[in-house]
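In the part that follows, the structures are each spelled out as structure tokens.
Same chain, two partners: chain A is paired with chain B first, then with chain C.
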Partner chain A sequence: MQVTFKDVTLSYDGKRDILKHLNFVIQEGSLVCLLGPSGGGKSTTLNLISGLLAPTGGHIFFDDADVTKKDALGRKVGMVFQNYALYPHLTVLKNIEFPLKMAKMSKADRTKRAKELAALVHVEDQLDKKPGELSGGQQQRVAIARALAKEPSILLLDEPLSNLDARLRIEMREEIRRIQRETGVTTVFVTHDQDEAMHISDQIMVLHDGHIQQFSTPKKLYASPDNLFVAQFIGEPVINSIPATALNHDLAGIVPDSILTQAQTAGIRPEALTLPQRALDPLVTLHGKVLEFDQFGRESTANIDYNGYQLISTEMSQLAHDTKELDFTLEKKGFFLFDADGKRIFGGDTPMVLVGDQSAQKDPAAAPTESGGDTHAE
Partner chain B sequence: MLNEKPTVKSSIKAYLYLLPMLVITFTFNIYPIIKSFLMSFYTKYDFYTDVVSAYGFSNFTYLWNDPDFHLAVRNTLVFVVGVVPLNIIISLFIALLLNKIKRFAGAFRTIYFLPFVTSTVAIAQVWNWIYHSDYGLLNYFLGLVGINPINWLNDPNWAMPALIIMSIWKGLGFNIVLFLVGLNNINTRYYQAAEIDGADSWHQFTNVTLPLLSPITFLVTINGVIGSFKVFDEIFALFQGSSGPSKSALTIVYYLYEKFYTEWKYGIAAASGVVLFFLILLVTLIQLWYSRKHVHY
Partner chain C sequence: MKKVASILRYTILTLGALIMILPFFWMLSTSLKTQPETVQIPPVWIPKQLQWGNYVEAFKAAPFARYFVNSVIVTGVTTIGQLFTSILAAFAFSKLRFWGKNILFLIFLGTMMIPGEMLIIPNFVTLSNMHLVNTYGALILPWLASFFTVFTLRQTFNSVSDQTYFAAKIDGASDWRFLWHILVPMSKSTITAVTVLQVIGSWNAFMWPLIVTNDENMRTLPVGLQAFTTDAGTNFALLMAASTFVIIPMVVVYIFLQKYIIAGISNSGLKG
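Now for the complex of A and B:
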């Protein structure tokens, strides 16, 4: 089922809008993550899709049908709640059967269907247990089976992994991906964990402050964030962000003046700072002092002082640990400039127009922009 | 220390702390229970000298043959069956309504709770007036719908219903408050999940509310059954110190009271208390057995 939001607005108290003029299309059969910090409107958006909440303004479409006025029952959605909300008094089998019982399916049919689903989510050996006797991961599987029981038009998951421990979370997110692929059901997944979102989604919608910050593939979200918020929210370690003026001296003559004067903040991914001999596509060489080296298992980070600002790099493990000062390279990939509104004006999928470059002769506006059908927030 | 081993010294110390509570419990709970059990076997007892010259089962055989006691048992069972189920259904219904409304919920809760904190004697006086055959409010309302006046408190056929109605009303407040606590403890997620699963309001009630409320319902039932078996003060106050017209509201405890205070037959009074004890025990055990299957914790 394709889900379309047209100009959807929601306010709980009639004064303050939680969601402001939301427009997006979720493609049929895709797995979409709603990602963002707490209070950004993720769960609200999910509840609007489910029909548990009605929008204050705008329209919601499932394929071509306007479902704005329909409640949860009429929309035929399946939902997995954060705490699973399995009926504590029913066995696993009865829990999975419950939506079918409500749909007045015959007892034999619903038991057969429930057993198939239990097998799909690998809980077929737990059928007679009560939810309280199951582990978190098993409860999660049962909740998914129950949500899938009535063959929902769309499967909604509200922070389904946040109650699990770290290792189980990784296992379950792969399971959700597998179940989604096997059933082909359009899935919307709410999470505040960017790592989780990056691993399982076809597309990610970053929500913050009631607006869609960016809605695109995980790859694109990382490689060319639309704005400073997305750049800072996605990526671990967090992107280095320093005032653009700190780089002015080094970038003058390389990045066009017209861009430099607009730029307010520079974002540098930790992997975009490398040693000169390992540079792939360098933009410029910078000079700084080494403050500290840290090693966390496979990862190593170096803290570098550049013009009084601290930068973190993950690409300097080969550097001798007694190095005090060094020249290092700033790569083109993973370097962005943002204007005063936080909008990206340099780097990412914007064609990189450099001073003295051949392509500088061309009009930048005429350059082909890669959009890939993504919907951006206004 | 969490891993400290108990020693003689530490045990003595612990019992010393427990002593005030143990003394009170033993004096006022354990001793009277033992004493009343013993008393039910007194067949020859001089209460002036507190000398028991013979023990036996004659008190129980007396009860077995006493038509008054049979009436008392029958009336008590009618009372329990009349009060408890209706009380639970009505208080659950009111609790559900109160749980839905946002405004004035506190005020309504207080109003419903008032009967519970008001003295039974005062309540009985008010109901005495409500039940009055000539000037009573109840007969006035019945008259409006064309029903002839009922002599509630003086007609042996209507005395027990009058007692049951008043007792239901009196017990509502406490049960409503318990049910409200239970309803509040049901996570709204279950209702959302049920809604998503296609359950309408009625199915949400039968599939979510009732099963998840069952521990409270169980508590309320046990409490109501035990309380109703022991009914006394409502009768005493409503029928002005009698057991109703032609003993129509004579219950086991009222029988016990009469044997003890009016007829001074201590052995028989104690024996009827013992019978009541085992009756309550039996019913409670049946309820416990039933709850194994039907109460979900």
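Now for the complex of A and C:
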């Protein structure tokens, strides 16, 4: 089912808007993550899709049908809650059967269907146990089977992995991806864990402050963040962000003045700082002092002082341990400039027009910073 | 030191247990005494000859079979009715959203501070205007709602997460279905506890049945015990014999369900 939000606004108290004029389209059959810090409106958005909450303004469509006024049952959504919300007094089989029983399916049919679902999520040998006897991961599987039982129009998962330990979390996120692929059900997944989101989603919607910050593929979110918030939220270690003025001297004559004067903050991914001999597509060479250099196994972190600002690089494993000062390369990929509003004005998928570059005549200011196809908040 | 503390603890607990059991022992002992033995000083702890005949005599002294039926009817209907209204109210206060919910809850909570004795006269006047005195209606009607039960159940219902409620809604369960198929089974132990407390309370109720009934046919067991108290004094042996068979059903109920009663009371953080 394709889900469309048109100008959806939500306010609990009528004064402060929790969500502000949300517009987006979730494609049928895709797995979409709602990602953002707490209080950003992720769960609220999920509840609006589910029908547990009604928007204060705007319209919600499932395919072409306006479902704004319909409740969760009318929308036929399936939902998995953070604490799984299994019925503790019913066996696993009865839990999975419950929605089918409510839909008045005959006993034989619903048992058959419940067993199929149990097999899909790999709990077929736990059918007679009560939820309390299962591990967290198994409870999660049962909750997914129950949500899928009535062949939902859309499957919604509200922070489904946050109650699991680290190892199980990785296993279950692969499982969710597998189950989603096998069933082809449109899935929306809420998480505050960017790693989780980056690994399983077709598309990620970053929500913050009631606005969609960016809605695109994980790859694009990383390589081409629309704004400073997204750049800082996505990526581990966190992107280096320093005042653009610190780079003014080195970038003058390379990045056009029209951009440099607008730029407020520079974002540099830790892997965009390399040693000159390893550089792939250099933008400029910088000079700095080594503050700290750690190497552990295949990974290394160099902490470099550049014009009084600290920069972290993960690409300097070749660095000699006694290096005090060095020239290092700033790569084009992974370098962004943001204006005073935090909007990206240089780098990413904006065609890079450099000073003296004859091949591209386009005015960079007119270049689209947002690609078509994706939908953005206003 | 540890040993001393342990001995002290056991001594205190044993004393407490003895104090608790003493009235029951005295009741049983007296029920098997002869008339003079009941008032003898120094007190007779164990009668010389057990007077089992007291039980037969006591049972014949008043229509206890009738009283027993009355008590069963009143206790049964009161308990079931009160449980039904309380479960519905507790569900509303716990899971539904409606205008004035918190204010209403506070007002109801306030009613718990009104002593029961103060309600006797207004309730009696109301029921007598309804011509219900000397009927089951008078014995049952005032007890069909209990905010104590509502409050206790609401606390338990609150401990069932809203997510479970939403999950059931999404699964297609109506509020009614959710309440009886999910919430009530999940709150089994508290419901059992309040049921038992209510059964015991109803069964032992004395003041109210005494006031609203004067027809012998409408009396309940505790009121019926008055038969042994006359202007000429009280026949303690027969009274105690009758008391013994009046409380036996409650003792049985308590012994079988004490686990739930204790769990229920400690859950609600209130005394019963």
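The rule is short, and it goes like this: the second predicted complex is superposed on the first by the 362 of 378 C-alpha atoms of A that agree within 3 Å, B and C clash if a C-alpha of one lies under 4 Å from a C-alpha of the other, contacts with A are read in each partner's own complex, and residues count from 1 in each chain.
Throughout what follows, a contact is a pair of C-beta atoms (placed from the backbone, for glycine too) under 8 Å apart; a residue touches a chain by one contact, two chains touch by 3 or more.
This structure is a prediction, so every number in the text was calculated from the model and none was measured.
After superposition onto chain A, partners chain B and chain C are found to clash with each other.
Once the two complexes are laid over each other on the shared chain, residue contacts for A:10 go to neither chain B nor chain C.
Contacts of A:73 after superposition on the shared chain: both chain B and chain C are touched.
Legend: residue contacts after superposition of the two complexes on their common chain; A:266 is shown touching neither chain B nor chain C.
Of the two partner chains placed around the shared chain by superposition, neither chain B nor chain C is touched by A:96.
Shared interface residues of chain A, touching chain B in one complex and chain C in the other, are 50, 52, 71-73, 77-79, 81, 83, 85, 87-89, 98-99, 102-103, 146-147, 150.
In the complex of the two chains, the chain B residues touching chain A come out as 187, 189-190, 192-200, 203, 207-208, 211-212, 214, 296.
Note for the complex: chain A touches chain C at residues 50, 52, 71-73, 77-79, 81-83, 85, 87-89, 98-99, 102-103, 146-147, 150.
Listing the residues of chain C that touch chain A in their complex gives 161, 163-164, 166-173, 177, 182, 185-186, 188.
On chain A, the positions that touch chain B within their shared complex are 50, 52, 71-73, 77-79, 81, 83, 85-89, 98-99, 102-103, 146-147, 150.
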